[in-house]
Amino acid sequence: MAEVRFFTDLGAEVRVPVDGDTPQTLRQSVLQTQRALGQLGWRCCPLPPGGFTFPLASEPDFDWRLLGARRGICTIDSEERDGVWYAGQFYTRRALDPNPRMKLGRAIKYSRGARSTDPAEGVEGEEGSAFRYVTLAVFRGEGRRREEYAVPREPRPAGGRRTPASREALSA
Amino acid sequence: MAEVRFFTDLGAEVRVPVDGDTPQTLRQSVLQTQRALGQLGWRCCPLPPGGFTFPLASEPDFDWRLLGARRGICTIDSEERDGVWYAGQFYTRRALDPNPRMKLGRAIKYSRGARSTDPAEGVEGEEGSAFRYVTLAVFRGEGRRREEYAVPREPRPAGGRRTPASREALSA
Amino acid sequence: MAEVRFFTDLGAEVRVPVDGDTPQTLRQSVLQTQRALGQLGWRCCPLPPGGFTFPLASEPDFDWRLLGARRGICTIDSEERDGVWYAGQFYTRRALDPNPRMKLGRAIKYSRGARSTDPAEGVEGEEGSAFRYVTLAVFRGEGRRREEYAVPREPRPAGGRRTPASREALSA
Amino acid sequence: MAEVRFFTDLGAEVRVPVDGDTPQTLRQSVLQTQRALGQLGWRCCPLPPGGFTFPLASEPDFDWRLLGARRGICTIDSEERDGVWYAGQFYTRRALDPNPRMKLGRAIKYSRGARSTDPAEGVEGEEGSAFRYVTLAVFRGEGRRREEYAVPREPRPAGGRRTPASREALSA
Amino acid sequence: MAEVRFFTDLGAEVRVPVDGDTPQTLRQSVLQTQRALGQLGWRCCPLPPGGFTFPLASEPDFDWRLLGARRGICTIDSEERDGVWYAGQFYTRRALDPNPRMKLGRAIKYSRGARSTDPAEGVEGEEGSAFRYVTLAVFRGEGRRREEYAVPREPRPAGGRRTPASREALSA
């Protein structure tokens, strides 16, 4: 049986078994386990330097549980901000205008200010400047919306409450 | 069956099986194993650069076994200090006053002086200064107390002694 | 049973069981699993600094699924380019003329421009120059074509459609 | 069943199963496996930057097999030295006098001269100086002798030879 | 059952089960698996900074399969050289004369010129000089020949061909 590596919210490494005999079923099973445990804040996808990249069309219903993150609100500098909590830190959501000179289209970016203890290769912005930051994810480009990364539209069982995800089995 | 990675007090990496078929039971099982083995000084949560962060309300009854640490006292510079032992080193407990200029509220910090052999990204304080330090944990902010990180209030069995934790089974 | 470590397209680490009792059958089984999961964009071979190297004769039918990559086309600077997608980034295919002074023969190279967040040891080109790049693979030299790295020539079952690779079992 | 990670004398990573249902029995089992395989020169405790630290009282009968090391003698600069072999290198034993100015008590240190290929964070001594060294272990301080780290005093079976440790089972 | 970690010639990480209930049988089993898979170019011993070190007496019949390497010949600068292939690169064999000033005896060294993408800590020779190199192995010193690292002298079965190693079982 295959195994996926997770890090709990405290940082413990846990390997969790997943089913799947074919590439497609294994893939589904891994994604379902990411959703089930990501909801607890467990992470299995280390933040790549420069952040995750997805097509812009995936932003509206991106399933942040896949990364162990969740949408939230945080007040920074007396300003209430939309964004995402990931690994105990808040990443502010920002809409970036197209930059024709840099040939960059419209984008949505989730980022936070850098800390002195952030690993150097993940920190962006001019060195020495006060505007140094760490990106969690960028949604950009004309690529097709990734269905498998979206919040699943589950049918509600007739006349019943949905089983809370935290009580669901771990694997497909 | 899932597995949690631990480091013994000597630094050996040991993978320990844990039960749990749903996210909630797996999570409980991982936390119980952390408590049982953390009591031996085994660690499963590597110290993140800048230290662990918890809400201030979690400080009074935080369960240090989760990190493989334990409360203790150490005499440094002829002064008896409260603090925590973690991985063979003592981290002094300090209450930090609010700093309105930095917009930081009251906090409790556990830290120790840096050594020349500490990895650079975990060391804080001005470079070249004598006041360089490593933080184990900061308790700060108005967040709700994390029940799951607290020392459990176990009922004492009527007329009997509690089983010492070191004899308890490893998993829930 | 042996296990191969993969990284999904989101970066999750998954260990997948493979069969094989002798070195040759284990090897075949690992390669088949690389093909089956590489097709999903899962990678099991981290990019070595300086890129993968293969003989020039392996280029025409190299099986990019082994690396979790796939041939593709991308428009960069209004120019349509041939190349390969790997881990969400596009590597342009370039034919390099022989360089007798450097004693280098004809080669095909797959590379992309470097980003500020690329790990330093994988970036090539003069430091400070604008032409810094990262190599995915170089095909060079007179070595014999590596049959085991080529796209397999599978016989089509008489009168039937081939089973899509994504429905095939994971191991030989 | 739990697993301990070892590195053989050639550097291969091997995971070895160990028994133990409670924290105490798991701990005993891990230590016994460390002794059994440490005798072959297999290591499970990577050298921490600055070396291992133990109380001074543990030095006389410290069980070096726990670290995959063994006491030995080596002739360096025509001088026969006591010390310890660890991972193919010899660490000289030195008794350090108390240093009241640095508030350091008597200590026994096992160290060797640094090489150009040693990882920077483990090298001590003034940078640029000729006296750069790497510490394997320091025994210092008034702490209680750690019974579990000592060479076990095994009763000799009446009228018989002890089973050589290399023939003993791996786990308790 | 114990497990050994290997890297295939493409760099995939594969864990392979090995037998062995006692330290000696586990050790034999690990070495046999290293020979069987090392013959495919699979490596389980990452190159330590500065290279592997063995006694000079082990050089003549050292079993390079243990490292996933093999003896070979390569033409460099129009000169045919003896050496060893390891991880796709050629290391030239060189006999070093004794250096009484440095107190170094006769040695055989396998090394190659450094590349810009080699990790810094494995590169030797004066910084900035053109003679920077990476060492695979040094055979030096009066130590006893290591029987367990030598090519086994297997008895040929009477009247029969030996089973090719690639068809042998993986473990002892």
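A, B, C, D and E label the chains in the order they appear, each numbered from 1.
Heads up, the rule we're going with is that a residue touches a chain if its C-beta (ideal position, glycine included) is under 8 Å from a C-beta of that chain, and two chains touch if they have at least 3 such contacts.
Being a predicted model, the structure only gives us computed values, none of them experimental.
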Separation of chain C from chain A in steps, with touching chains one step apart: 1
Touching chain B and also chain C, the following chains: A
CA centroid of chain A to CA centroid of chain B, Å: 27
CA centroid of chain C to CA centroid of chain D, Å: 43
Contacts with two or more other chains, residues of chain B listed in rising order: 3, 15
Touch-based graph of the chains, sorted into line, ring, star, complete or other: ring
Ring order of chains, beginning at chain A and proceeding to chain B: A, B, D, E, C
Chain B - residues contacting chain A, complex: 1-5, 15, 18, 20-24, 26-27, 30, 34, 44-46, 48-50, 52-53, 66-67, 121-122, 124, 149
Chain E partner contacts - residues on chain D that touch it in the complex: 3, 8, 10-17, 36-37, 39-40, 88, 115-120, 165-170
